[in-house]
Amino acid sequence: MSGNTTGKMFKVTTFGSSHGTALGAVIDGCPAGLELNEEDIQAELNKRRPGTSKITTPRGETDQVQILSGVFQGRTDGTPIAAVVYNRDADSSAYEALKNTPRPGHGDYTWKARYGSYDYRGGGRGSGRVTIGHVIGGAVAKKLLKTRGIEVVAHVTQIGKIKANKVNINQIASKIQENPVRCADHVAASSMEELILDLKSQGNSVGGIVETLVLNAPAGLGDPVFDKLDADIAKALMAIGAVKGVEIGAGFESAELTGYEMNDEYYVSEEGIRTTTNQAGGILGGMSNGMPIVARMAVKPTPSISRPQKTVDIEKMEDTEIEIKGRHDPCICPRVTPVAEAAVAMVVVDHLIRAGFIGPTKI
Amino acid sequence: MSGNTTGKMFKVTTFGSSHGTALGAVIDGCPAGLELNEEDIQAELNKRRPGTSKITTPRGETDQVQILSGVFQGRTDGTPIAAVVYNRDADSSAYEALKNTPRPGHGDYTWKARYGSYDYRGGGRGSGRVTIGHVIGGAVAKKLLKTRGIEVVAHVTQIGKIKANKVNINQIASKIQENPVRCADHVAASSMEELILDLKSQGNSVGGIVETLVLNAPAGLGDPVFDKLDADIAKALMAIGAVKGVEIGAGFESAELTGYEMNDEYYVSEEGIRTTTNQAGGILGGMSNGMPIVARMAVKPTPSISRPQKTVDIEKMEDTEIEIKGRHDPCICPRVTPVAEAAVAMVVVDHLIRAGFIGPTKI
Amino acid sequence: MSGNTTGKMFKVTTFGSSHGTALGAVIDGCPAGLELNEEDIQAELNKRRPGTSKITTPRGETDQVQILSGVFQGRTDGTPIAAVVYNRDADSSAYEALKNTPRPGHGDYTWKARYGSYDYRGGGRGSGRVTIGHVIGGAVAKKLLKTRGIEVVAHVTQIGKIKANKVNINQIASKIQENPVRCADHVAASSMEELILDLKSQGNSVGGIVETLVLNAPAGLGDPVFDKLDADIAKALMAIGAVKGVEIGAGFESAELTGYEMNDEYYVSEEGIRTTTNQAGGILGGMSNGMPIVARMAVKPTPSISRPQKTVDIEKMEDTEIEIKGRHDPCICPRVTPVAEAAVAMVVVDHLIRAGFIGPTKI
Amino acid sequence: MSGNTTGKMFKVTTFGSSHGTALGAVIDGCPAGLELNEEDIQAELNKRRPGTSKITTPRGETDQVQILSGVFQGRTDGTPIAAVVYNRDADSSAYEALKNTPRPGHGDYTWKARYGSYDYRGGGRGSGRVTIGHVIGGAVAKKLLKTRGIEVVAHVTQIGKIKANKVNINQIASKIQENPVRCADHVAASSMEELILDLKSQGNSVGGIVETLVLNAPAGLGDPVFDKLDADIAKALMAIGAVKGVEIGAGFESAELTGYEMNDEYYVSEEGIRTTTNQAGGILGGMSNGMPIVARMAVKPTPSISRPQKTVDIEKMEDTEIEIKGRHDPCICPRVTPVAEAAVAMVVVDHLIRAGFIGPTKI
């Protein structure tokens, strides 16, 4: 079965692979009347573009987007929005050697198990490059959110064992622009960058934690009992390559708390009903409660490392060893932040439409 | 929009609330030819039934299930399987007082925000009692899995700060039968039970961690790029009430690891291609790799505690205080294990059908 | 794959078979706040109930409905509405003989081809009795439509070669109450009744045409390019057993017309933009245009006739003959009118929600 | 809500409008291993391309297709297949005048009612040109069908009042290649062409009937009770612009028949169980029975006629008149045949996968 569409009302279908002709997305369900141009999407794509700092892969892609449909006289017209990015700098030479030897920690083997064959060039559709489709969808979603004053921000809170200090929730969006790690705590950011470069020089890699925040979402988003808001966020984040865990609010820490420590008490504020604390991370009973939505994801270290590793030859069915070449990020956390924003933005827009806060046909 | 159906091929739609007439599920997409009777479902329901030990709520429900359709001459016939459980011991008296005062940590306020009104009796459809529907769907899913030799087991690995020691993966299913906490480490289980009873006596509650394992699943389950197996498991577990985090394999620990520590190396075994370690938790690139699937979820402490808490009167829009009465579990981890099994079993069956390992029309 | 759910926003899943324990439906996506009780559904079910006149099967079913969930204090609460009808007068004795000999014109053979086995008692889930589920869903849909002043009426316009004269569109709903054929032209209705009884006495059956009208629907319903309103109506009507054709407005006659004869010209009326004629049947470009929606369906003669017919023994794979016993309608057109109303009402409600005219969460 | 995706397993999402940048489709769910190249799609597109005879619009488009993704080393690889056709000869000059005056018989007014604004150039997404997306999806579907020996053929059986004589079912595919009307009866074809040219010279247009046949489909396709094969075919055909009716087998004629005339009797043939007649059109109980599937659709006359027509000015809300200019087909039946083939081919492939005859992951 197919799995390349996300959303029920704001439906985004993505296509393309690392070394194919093009990547892109079709967005079906965007209400008519939204101002939209290629710059809106390009700005988001530039955040995940490779080659922009020392800590990212040097693959030279401009990732220029073209809108093919769905926009008329500068506004969405209710028909599907298709947008594409053509691949320009694909270099498949390093991959021929990996054809029959699945790389540890990658999806090579599972893609092969699933489909019989597999586009092994650059990870095929298992590549991080497919998140171009996510970001296209997310860019349109973010523009829609903006019309309702809702903001989505993702930032790095941990790399390896280095943890960032807490930063005021309203300053995070601007502070992460100032360093390549996209960490709002600049002292921690420096150490993180150092760590990444150190591991890169060893041909190794490192993981981290990315937190995504949704500010100003109304109460009442989410469709119990299966399509709860936290459930859909968990799915969207876990579907990003390399993510191994997702938590909302107090998350795994809540396992150690008592009810009295965990419960957020209510009070009446000028903006409406609010809670004094936010252990819930903005979601109760699977629906938003008007507080900031807080979701964190654990990102594993990039599996492409240069040290020799044991694997198997799947044709000969015997043990063997590989050394991975090619161009890779030693830590994908910084470049995955726009993808996390996109993923969460698409979920929130979908639920805003489902709940009647936007559209369904006009903004 | 509606959110009471889970699955794309094995579709389970649930209905009912804590104090309504009945709860149940309709399963559409179960292949024909599966032996099925009411006992199969009853056995699973009994695991989540209240009133079976000192650490669960004393609400006296027999939760007797009746199959209404979809089974002919002892086997499924490819038509929808409907099954119901009538409520017998609903006591709504304690809830009238809570009508306008949302309980901290519960979904009362968010349900109200969403639908305008709200069945406040016993939590309505926000109650843990709605997982009867999950368990009905899961019981049929587990029967299907059994025809392929696949097993799903959930067990408690932590309550508060008490952590269980590791137990051999093949012994867990039998060991958890032996104590009311459903923890495979019996020494830890005793301490956990004590802790729960202690907090119960204080009118407080506690959280924990439940791990769900899938044994013998084939490689190649999962639909990238959005409907990956880990993404669907994350969604299914996060949709269970009180769950605040989900992780696969090394999970959040992977944030602190290097690529070399995280990657599982391959080797050829008698059963096929396997990995020497299982940091991936059986899932790579969003698809199963033939190793045991390992998913953990963080369960928050039961929000119903007897200590007075601050809240608001949503009619008068002013601050107030409540004391919660009624019958509650001081820790829901043990009773949530069959629900976790059901949730994961439904996801795995759905993906087995999607990938062509079962059905789609006949087993 | 499963096919027992209709609708995307107003989702109705039905279950049950002719001789099983019960039949019913779960409605997920009905907005909160709609007044609803069992009488609303019972009234619609009574229209399709057997045994109410000489021209219907004598099977004695009261078809008493019970609502299991989704209604709180007399109103829908946004959670799934489950409703069931238990079978009381199932008589399976006549069917054992048909186990291996598919009845011509019935689905016996195709169900067997699909699922390997088949509940042959009374047609199993291929029975007209499964439309109880449709009517439950339709009853709720019609109540929702009523809140917007929209009415759905189905009436018989032809039985065999007897065609009814045109009746004023606003009088049809009341006129069809006055005869068992549900034909608004009472002169034609008498001839139709005679024809049906005549063919019944010969052990034969006859087909006819049922027209369904939707009055007062707003312009703009329908989701091009695949989920157009006419496309969804065509699907819903064609999915009713025995229907072999569907047409909108001028329908098949339009094949013989020129553009000038077919086009409906616009004018400005007090109610808004209207057309002078209604060849389009209220739908243009796949969306409603504010004129009455007109859909006709061709209903084939009941395949259960008592005359001996050639068939095959599917076990022995050899030619044989059967004589069908049991209790059957000689013409299903009258009893299929409430089913057509239900089918169209569900489609229209679904599109009203999709287009933002109702809900999505509250009426 | 969005409506630009068709299919549940073989999902085709289309995009683009008459005068936008490009049109295309994304196919998600095509099994891996199918040989596919641009020529396969181009051949189908050429059948619906304008400007190929005197009876079609002179708009000069080459409709060159480019595959962007989903094909690796000449075969599908299980990932989404995206394909685009850029618009080259769009001439929007004639349409500015129609901005506020909806053309009778077109979707102009309903699109405006739905989305507030509307791409009025060339009909926007309401244009027949959007069927390029259908044909792309259909081309891939037909290639899949070929691997199972299944053929889909659409031919014109009536234009205005001119009806074709019956032609042997196995000769239709080749005979329709020989005349621009795509009618297998060459005598009738000549008269039809004459009639079309005559009406064209008068600035008028004419309707007709197109029949679509599916040969060699196995028994057991279709998902009762809502997603029956005939229901899905009816939806797919009714969703094609200008279609006002759909019938299966005896269709509307069945209204006038008795059970004995309608029922197809069974016999055992060398190929398996067959029926002596095919009044059912290959579908019983909503599932295929192994006989040829026969679906006819009524196509209305092209609404774009040059004679002055009454309409309204939707800005000023007053009556007015228009004369339509631009380039139009006087009868779309011939050019709609490849679209009907595509629509039915997509439905049949979808059901073959749903029923387990193809895929789901590999051919």
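So that you can tell them apart, the chains are marked A, B, C and D in the order they are listed, and the count of residues begins at 1 in each.
The rule is simple: a contact is a pair of C-beta atoms (placed from the backbone, for glycine too) under 8 Å apart; a residue touches a chain by one contact, two chains touch by 3 or more.
Computed from a prediction, not measured in an experiment: that's the story for all the values here.
Under the contact definition, subunit C and subunit D share the contacting chains A, B. Among the other chains, the CA centroid farthest from that of subunit B is the one of D. If you average the CA atoms of subunit B and of subunit C, the two centres end up 39 Å from each other. Computed centre separation for the pair subunit B/subunit D is 46 angstrom, with centres defined by C-alpha atoms. Across the assembly, subunit D contributes residues 1-5, 9, 14, 114, 125, 220, 354-355, 360-361 that each touch 2 or more other chains. Of all residues in subunit D, only 1-5, 9, 11, 13-17, 20-24, 26, 28-29, 32-33, 66-70, 72-73, 75, 77-82, 84, 114-119, 124-125, 360-362 touch subunit A in the complex they form. Considering their complex, residues 220, 354-356, 359-361 of subunit C touch subunit A.
Across the complex, subunit A meets subunit B through its residues 1-6, 8-9, 14, 102, 104-111, 113-114, 125-126, 130, 133, 158, 160-161, 199, 204-209, 218-228, 230-239, 241, 244-268, 273, 275-276, 280-281, 283-290, 298-305, 307, 309-312, 314, 317-319, 354-355.
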